[in-house]
Structure formats: C-alpha cells, structure tokens
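Let me begin by handing over the structure; questions about it come next.
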Amino acid sequence: MKFIRATSQFVIVTVVFSATARADAVSKQNFAAKIGYCQDCHGVSGQGYRGFYPIPRLAGQQTEYLENQLRAFVEHRRTNNVMFNVAHNLSPAMIRALATNFRHFNPRPLGGAPKNLVTAGKKIFEDGVPDANIVACAACHGPDAVGKNEFPRLAGQIYPYVVKTLTNWTSERGQIPGKPDTSAVMQPVVHSLTKSQIEAVAAYVSYLQ
Amino acid sequence: MERRQWGAGLLHTRSGRSSRFDRAEFQRKWFVVPSFFGLILSVSIITALTVGLGQSAQALPSFARQTGQPCGTCHTDFPGLTPFGRLFKLNGYTTGGGKFRTTLFPSQDDATNALAAYAKKFGGGQDSAKPGQSDTSNIWVPPISMMAIVGYTHTQADQPASSPYKPNNNVVVAPLSFFYGGAITDQVGAFAQVTYNNAAFGGSAPGAFNPDPCANCEWSWDNIDVRYANTGRLGNMDVIYGISANNNPTVQDPWNTTPAWGFPYAGSTIAPGPAAATLIDGTYAAYVGGVGGYAFINNLVYLELTGYRTLNFKTLPKLGLDPLGAAPFQNLAPYWRVAIEPHWGNHWLEFGAFGIAASVHPFTGATDVNGFAINQTFPQTDRFTDVAFDSQYQYQGPNYWITFRGTYIHENQKLNASFNNGLSANPTNTLNTLKAYGSFAYGNDNRIVFSGQYFETRGSSDPTLYAALNSCQPPDTTCNPNSNGYIAEIAYIPFSSSSAPVWPWANVRVALQYTYYNKFDGTSLNAHSNNTLFLHAWLAM
Amino acid sequence: MAGRGRQHTQNSARRGLPIVGLQLASQAAILTIAFTTAGRAEDAVSKHDLQAKMTYCKTCHGSSGQGLRAYYSIPRLAGQQPEYLTNQLRAFAERRRTNNIMFNVAHVLTPAMQKALVTDFHELNPRPLGGAPKDLVEAGKKIYEEGISGADIPPCASCHGPDAKGNEQFPRLAGQLHDYIFSKLKNWTKERGQNPKEPDISAMMEPIAHGLTEPQIKAVAAYVSYLE
Amino acid sequence: MSVICSETFQRSFEVKGVKARIMKLTRSRLAILVISFAAVFPRAGHAESLAIRNCTWCHGVSAQGYNPAPGLAGQRREYIQSQLRNFSEHTRDNPFSQLYMWGATANLSPATAHDLAIYFSTLPPQAADDGYRALEEKGKAIYQLGMPDANTAACVVCHGPNAEGVGEIPRLGGLAYTYLKRRLEQWGQGYHATAKPPMPGIASKLSVEQIEALASYLSFVK
C-alpha cells in the first residue's frame, strides 16, 4: 500500500514539477515529503477527512485560491493555528508548487450529507434567495461549483466543512480589519444565510463530482 | 496441576510429616511400560486420541473452551500464572467469551438483555445493530477436563527396589486427574480435581491402616477451590472480592509463590524427596476443608482470611485418603494472606506475607487386635505456627515473560504432645524453607520455558523426630532435616495458541526436569544419589 | 500562462479596492439617505431594505459596483444610466434577456426598489478595474469615435456619447469590464431579444454586434474599459 | 490493616486474658467474615452482564485499563465497534491483539459488540497519569501543532482538543503511557497496515522521543 502511494506521488510530482516553470528552489524530495504531509490530513487524493475538525477537500481546488488561503494563514488574516504552523515556514515557491499539486486530483466526493436537502440546496445555489438578499452562488462559483481563480471550487467539498465554514465565517476569516481580503465578499452572504439554507447548499455541493 | 507430593496417598513423597511408613512399600504400579520406547508409544496414543477429538484445547482445557483464550494469556511458565491468569482466578473462574458455554446455570439471558436495554437507553439506538444471535446459544460443553502425566524417572543411584517398580528408569503414568473447571453460575465457579494415583495406600504391612472399606481405592480428591466472586467499588477503587471454599491452604492464592502452586509443578511420584516440610507446605493438602473471604483492592492490595478444619477420620478414606496421613487439628486453624502488587508499565512486583497457625493432635500409633492402626490421638496438642514472606517480579516483553519468585517460610513448632509422648526430643523446633526461582518463557504461540530453582530446608535437629532420616543413621548423629539443592527444567508447549490444530481441546507440555541435591535429609553423604532426572509429558484434554 | 500572469497583477490590484469600496458604499448610503430625505417621497422603500438590497447587488457587482471577475465576469453598474438599468431589470424579469441568476434577482424587485437601486448605482463612480491590453486602446478609440465605414458600423460615440457615459436608455460603457463587453458583443443574440414577440431596443445593437470582428470588439472593449 | 502474623495473633488474645472467648470468637469469625464482605462491597450498580465481565476481567473492573490492556471507559463507541470487528477479522494483527483479542472476539456477536461498545463509551474515563511529567510539554506541542518541518501532522485535527476522539477516531486522552507508546511504535513497524490512512503514515514518521513525549502528554489528559 505504502509503495503504491509513493510511486503515484512521484508521478504527480514530476508532472507538476515540469508544469510549474517558476517553481525555483523546491527540491523534488522535500516537495514529495511535504505533499505527503498534506495528504496525511487532507486524504491520500486530497478528498478531505472527517476528523474531530472536518478537514477540507483540496482535490481540484483553484490554485490561486489555495495560494491565497496559505498566505492568509501565514499573515493571520485567516486564523487556524494548525494551518499557521503548517504554512508559516513554507517558501513561496513551495506554496505555489503545493497549490498547483492538488489541482490534478479528482477523487469521488466523500458524500454522506443528508440526501433530502440536495434539491433545496440546488435551488439556492443556482437561483439564490432573492427576497432574502442571498446571492446565487453560481454567479461567482460557476454553475457546477468548480470555482475560478480566487473563487474556490465547492464541488465535492465535505459537508461538515462547508457547514462549519459558512456558519462561523467571520470567526476565522478576515481577521485583520485593516487588511480585508477576498473573504469580505462572502460576509454579507453568510450573514443572511439561515442554518437550514447553509445545510442545504452544503449538502448540494458535497455531492457534485 | 496436581502437586505430586500428596498424590502418593499416605505419604507425600516430597516430605513426610511422620515418616513411620516406608514409602516404597506402598507403591503399586497402575500401568508401567518397561522401556523408554514405551513412553513414546503411550504419548503418541494419547495424542492421537485427543487429536481425533477434533478441535483443540489447552490451559486447563475447559478454561480455554470457556474463555476462548490461548494458554499464553493466563500462563507464563505453565501452570504459573500471568496477571490475567490471576484475575481470572480472582473472578472465580467465571469469565468467558469463548466459543463454548460451560456455565451450568447461566443467568446469561437476563444479563444480556440488561446490557441491551442499557445500550438502547444510552446509545440512542440510531445504528443499533440487528439483534443477531446472542451469546447464550453457543454450544454448551461440560467444563470437564482431564490430565495425565507420563513420566520417565531416572535417579543417579538405584533406589531400593519396590514392586512393581524397578530400582531405576521407570516409566509411570501418574497422576491421572479429572477436573471440573469453569463457571457454575455467572458469579460462582470451581476448580475441582479428582486424581487417580498408582501409589495407593493400604496393604498388608503391620501398623498400616486397614484399607478394608476401600481396599484399592486409588481415586482421591485433589485440589478443590470453589468460589463466589464479584466486582464492586470501594470509594473510587475497584475491588474484586469473593468467598472461596477449598481443601488445601494456599491453593486459592493467585500467586505461584505459595506452596500449593509453587514450582516444581510436576515431579516424579516415585522419586525420593526431602522428608521435612512445614505444615503449610502441602502437608495438609486435601486433608482439610476451609472457607474464607478475599478481596483484591484497586489491583494493588490483596487480603484474605480463611479458617481450616481437618476432615474427620471416617470421611477421609471415602475421599480416597489415608486418614493417618495427617494428624487432626484441635479446632479451626486460621490462614491469613496479605500481599501488595504494584504494577507499572510491563512490570509487576508483588510482595506479601501469609501464614497459618494450627494445634494438632498427633496419632498415638496404637493398633487393634489384628495389627491395623486405630483412630487414637494424644490429648495434648502440637502447636504449629507458620509465617511466610513471598515476593514475585514479572516482566512482559513483546513475546516473552520473565519471572522471579522468592518464598521464605518460617515454622515454629511447640511440640507439647510429641515431646511429652516421646515422639520428639525437643519441646520446640523450628523449620524454615527457602525457595528462589526464576523462569524465562519465550514465544506467545508455542512456548519454550527455561526455569530454575534453588530450594533449601533448614530446621532444628531432633534425634527422635527425624530418627528415620539419613542424617540420623549412625555414624551420623546430627539428625537434622536440612536439605538443599537445585531444580532446573526446560519445558515446551507446542499448542499454546489458538491457531494450533488441537486448540482448545487438548494440549501437551513436554518437560525435562533435573533435581540436584546438595544436601538430602540432613547429610550430604550420598545426597547426590537422589538426583533425579524426570522427563515427562503432561497431557491435558 | 501569460493570462494567469495578468490575472495575478489584477488580483493584487483588486485587493486594494475593497477598502475604497467600503468607504464608497458608506458614502452612497449617506447620499441615498440625503436623497430620500430631500423629498423624493415616492412609495416608501425603507432605508434598511434598500441597504440590504444594495449589499446584495454589490456582493456580485463589486463592493462599489465596479464589477467583479468571478466565474463569470460580472458587469460594472457604477455610473450606469438609471433608465438603461431599469430596462435591463425588466428584460430579465420578462425573460427578454435570459440570465437565470438575474431573472431570480429581478423578478422580486418592486418598481420602487428598482428605482432606488438604479439611482444609487448611478451615483457610484469607482475607478475602473481596467486590465485590458493597453496596445489596443488606440485602435479602439478610433473605432469608437469614427466607427467602421466599410462595414457600415456607425461610431459608437453617436449613441453612447463621446465619453461613453451613455444617456437614458443608451448604456454607459466607460469603465466597463473589457471581457464583459467582449463576451456580450460576441453573443449578443444568445442573451438579448429572446422574446421575438416583444422586440426591444436591444435589436438596435444586433447588426453592429454582428458586423464587428473579434479584434475590433477587443479594441473597443479595451478602449472604453479605461475610461473614467 | 495491620499485618496479623500468627504469633502476635496468638499473644494479643492471651494478653487480654480472654482465652475462653477465643473459641466462640473463632467459630463466629467465619460468619462475620461472610457478612462483612457481602455488605461492604456494593454491587456495581447495574446488571453486571457476563459479557461485560469478559472484558473487565482484563481491562480492569471499571474498564480504566490494566496494562497491557488499554482503558475502555469513555472510548468512542464507533471506535470500539470497528476495533472489535478488526480483531475478529484479524486485520488488527499487533502481537498482543493476536494473543488476547483474537480469541476474545472469535465468538462475539455483532449485537453484543454493539451493546458493549455503547456501555463502555458511557463510563467516565480516568487519566492514567503514568507518563513522564518532564516530557508533557513537548508532547503537548507535538499533539496540538504537529511538526511542520518533520512533516508530522497535528493530532488535534482528528483526535480533538482534549484527545476525546470522534466517530471512529479513538479517544487518546487518559490512556496508559505504555499502551500509547507501544501502539505508536507498532504503527511504524507495519502492524495493522490495512487500517484506513492516515495513521500508518503519520506514526511511522515519529521518532522514539516524540512518541514518548506524546504518550506522556496524553496519559495526563483528563
């Protein structure tokens, strides 16, 4: 089992490595180790893991979004001391290489969200809730929630993570008032979303392949 | 697991209280196979017999069937106990979990339902598993086991020939025992042993007991320990407590530092052994009955108090024992036991003390008109007070056990009866025995055990009491009971794990034991002639 | 890879905007308050609802209506002609202009709310996002002011005004996202005039959009995207 | 309880000159003994089912653990169930698992396993407190933050701030130092390899000192 994981990692690394022309001082060997480190929590193919804290899926995530989040952790704009600890000694080159690496994964989503919420979630995702001033998520995240540039992919994101993130958005993101970041866009949305709406949307996106 | 010393009927060969009866005279072979080849033959027959039984068994097979655990869980240097083995004993032989149910009167059903109800209440029952087959429906198997020791004995010098044995190199199947071992109800369990022995007592010799009521009854009851056990809380400490009824002081003790379960576990029934032994050292095994309570608090402190009484003259032969084998107590003999066992990491260190105090009416030795001894004892009593200190250290490695044990028994004898009736030269005597033992048991599956012991008995000399001993035959006049020497043993247990074909139905422990005497019964003069090599196969079904 | 590069720089540029956006939003809010108190006593649109609805629109159209490049590039509303915005909202609601998301937004808006919104956005004037290739601006300016005689494309300025601020039903183009303009002109008929029975003003642009070639569209788009 | 050895036992009675009463006392002592034991120790308060006692035999009367058997009190219900399944399917093949637990679970019905899991998960756990205090701080750092440069993930993410575990992820708080140390080392030696990732991967990166520090810290967690 361990051998297979190592070879697949190596293959990806070489592909990624050649792709990131600008990845300067990132030696192949400690890059692979660092990838293994991310995989320990985020899952072998980055599919996410339901630990005590739900650990998000990284597979297929927008590279720019990942880079932004890693920098946000380092600059404490997004507070999570485990991730700060993970990211604070990463070189920019390594951050870029890591962010690119997960783009190529596309495992089946973990699923497990309550199925009865999916239809309601789909409606909110695609049409928003106009009279409650809830914007259609599709506007920024795209119709099939794959995201773009700094707008994160939501498709396949694990259900408890989306619920937790939307429920306490402001307690983790945009923590430096002086330096607002892209997370500010979501503030009004999460502010007006009710708990059931959050669960519905989370359920819907969690099943998107 | 029988202590061979009292398997020989009247006089347990390891040491005799009163040595008036010559051991050889009472030997009678059950079946003796003349040569070494015979040993192999009988071993293979018995093994074939057991293998044919289908599944495999071990430890006390009925325990294995009841718990489903391999030998290695409870035994280090078989039958020496691991901490879990001790806990099993303290829990009254009732815990189970194996494929078979041996409990006679299980209260299993309502207990399982209680657990299920508890689970439903607390578990919220969202994912309550389908009510599959509950444990009570597995096959019920009577908790009966049997054991046989087929032994080849070779002593350095030939022993005085006593039919049916040759002077040396005899192969003997003794003892052969049947056990009831397992739970009777959920809280009460028993370890009861009945032994058939080829060294039956009785015979034509003058002064011997008239065996008439059971002329050749060679069956005798052996170690019996019936317990009620339960667990509870005392403050915030766990307690395992219970009441044990048994017939051999220290048979109920969880540690193997006490005489009943001390090393050597199996010895040749026809090999010579030092005569003197303290009262608690097996002298009254199976001659007494006792009830007592025990408690093991916080897996640390063990306390026990039991009162023993000797069985009356008439019931002893019915139980297959020579009533003259041990003198009756005057009244209740209290036995006490205190031990502390700190446990940290893989280490267990036990140290404790135990003792017994008994007033004994020795037999007068009078005989009836046709020369058979009668039940007559002296009015005065001999007061024996035993105090012993023991300690054990056990370490569990990944697949081995290291065990060190030490036992020192000090006996104080106030021989008012014996002294005033000319049975002993001194009014008071002391007798101390010391045992230091170490063993290394390797391998969880099939297990190899290397063990060694230094033993020493030392006591005050008494020309009358020890008249029969070697140290009292002129020109030697020291007449002291001192003996010391070493025992070394290598044992191999092939079917110790559950993967073995015969587990849990049968098992065999092949062992080679060598006893070396430095001093024997007071003198080192030809003490070496008693050195014994005992190659035996211990079969348990 | 080059595309990403440009994206990258714009990304950092954009990060600066929100601060500006926040201040502007608060000014706009004050403005609207002043505006409503100054006696425009149409049917009452509570300030709170308006505020909420404005935030709602700004979530996608940028914190001060400057436009947002999300999955789609979302157009700038700041400084847009109120009448044009109202027409478009009605077109969405009546599905003459098909956009599912905007349909959902539009069909719940009361006329009063629409009026208040379009007025608010008209007041906003953030710096344009820009980001179009600078070398095309020159050509774009030429097409914007003189049109393309060969393909009988009239100058855009004729309807949208010399500074592309537009008037009444003609939309402001100044500062609009260049990729938005490009995608709209490229697929003009895919989204507008979808109800043949009710032709609307969008029909006017149809021949122009059809006549313009891609480079020409890119040039014009680049030119107007930098206009303040 | 003072050590009663037979001589003092004897002398104390004679000294009080109550020799006559010895007989009565000794005969009645048995009776006192029996009653006192039954009274003093109240029953465990719920139907002590034999299935439970098959576990508490080795895991301690109140399932707080008795090395090498780990504490079960307060362990996560799904974790107990999944491990019982692993034992019966022999996928958890650590040496002691093979020796003790394979036999113990060979005849355990799923229903009983489920009920046992719920029962033990409701018992209040007590910390084993047998680690090295000196290593506690170092262990806590590894647990809470992991070691990024050594690419070791932070355990808190899956096992929770008080190491209470969730779902099939086990409680680690309060388990015995020796047990934790052995289990972490055995992950590295390739035992229980078929377990779901990430444990085999993470544990095999841990050095001996890190394991000892972690095990020490966890043994003190309440």
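Per-chain residue numbering starts at 1, and chain names A, B, C and D are given in the order in which the chains are listed.
We adopt the following convention: a contact is a pair of C-beta atoms (placed from the backbone, for glycine too) under 8 Å apart; a residue touches a chain by one contact, two chains touch by 3 or more.
Computed from a predicted structure; not experimentally measured.
Peer 1: In this assembly, which chains make contact with subunit C and also with subunit D?
Peer 2: A
Peer 1: Taking CA centroids for every chain, report which one is farthest away from subunit B.
Peer 2: It is C whose centre lies farthest from that of subunit B.
Peer 1: Could you tell me the distance, in whole angstrom, between the mean C-alpha positions of subunit A and subunit D?
Peer 2: Inter-chain centre distance comes to 39 Å.
Peer 1: In angstrom, rounded to a whole number, how far apart do the mean CA points of subunit A and subunit B lie?
Peer 2: Chain centroid spacing, subunit A to subunit B, equals 69 Å.
Peer 1: Between subunit B and subunit C, what is the separation of their C-alpha centroids in Å?
Peer 2: Roughly 99 Å, centre to centre.
Peer 1: Could you put a whole-Å number on the gap between the CA centroids of subunit A and subunit C?
Peer 2: 31
Peer 1: For subunit A, write out the residues touching at least two other chains, lowest number first.
Peer 2: Residues: none.
Peer 1: Which positions in subunit D are in touch with at least two other chains?
Peer 2: Nothing qualifies.
Peer 1: Linking chains that touch, what shape results: line, ring, star, complete or other?
Peer 2: Topology of the interface graph: linear, an open chain of contacts.
Peer 1: Can you check the complex and tell me which residues of subunit A touch subunit D?
Peer 2: Subunit A residues touching subunit D: 1-2, 5, 33-34, 36-37, 39-41, 43-44, 49-53, 55, 81-82, 85-86, 88-89.
Peer 1: Mind listing the subunit D positions that touch subunit A in their complex?
Peer 2: Subunit D residues touching subunit A: 144-146, 148-149, 151-154, 156-161, 164-167, 169, 193-194, 197-198, 200-202.
Peer 1: Under the definition above, what is the set of subunit A residues touching subunit C in their complex?
Peer 2: Touch list, subunit A to subunit C: 21, 64, 126-128, 130-131, 133-136, 138-143, 147-151, 180-182, 184-185, 188-189, 192.
Peer 1: Residues of subunit B touching subunit D in their complex?
Peer 2: These residues of subunit B touch subunit D: 67-70, 72-73, 83-84, 87-88, 91, 94-99, 103, 106-108, 110-112, 114-116, 118-119, 122-123, 127-135, 138, 186, 230-234, 238-243, 291-293, 295, 299, 303, 305, 307, 331-332, 334, 336, 338, 343-346, 353, 355-357, 385-387, 396, 398-399, 412, 444, 497-498.
Peer 1: Taking the complex as given, what residues does subunit D use to touch subunit B?
Peer 2: Residues of subunit D touching subunit B: 1, 3-7, 9-10, 23, 26-27, 29-30, 33-34, 36-37, 40-54, 56-58, 60-62, 64, 66-69, 77, 95, 98-100, 102-104, 106-116, 118-119, 121-122, 130, 177-178.
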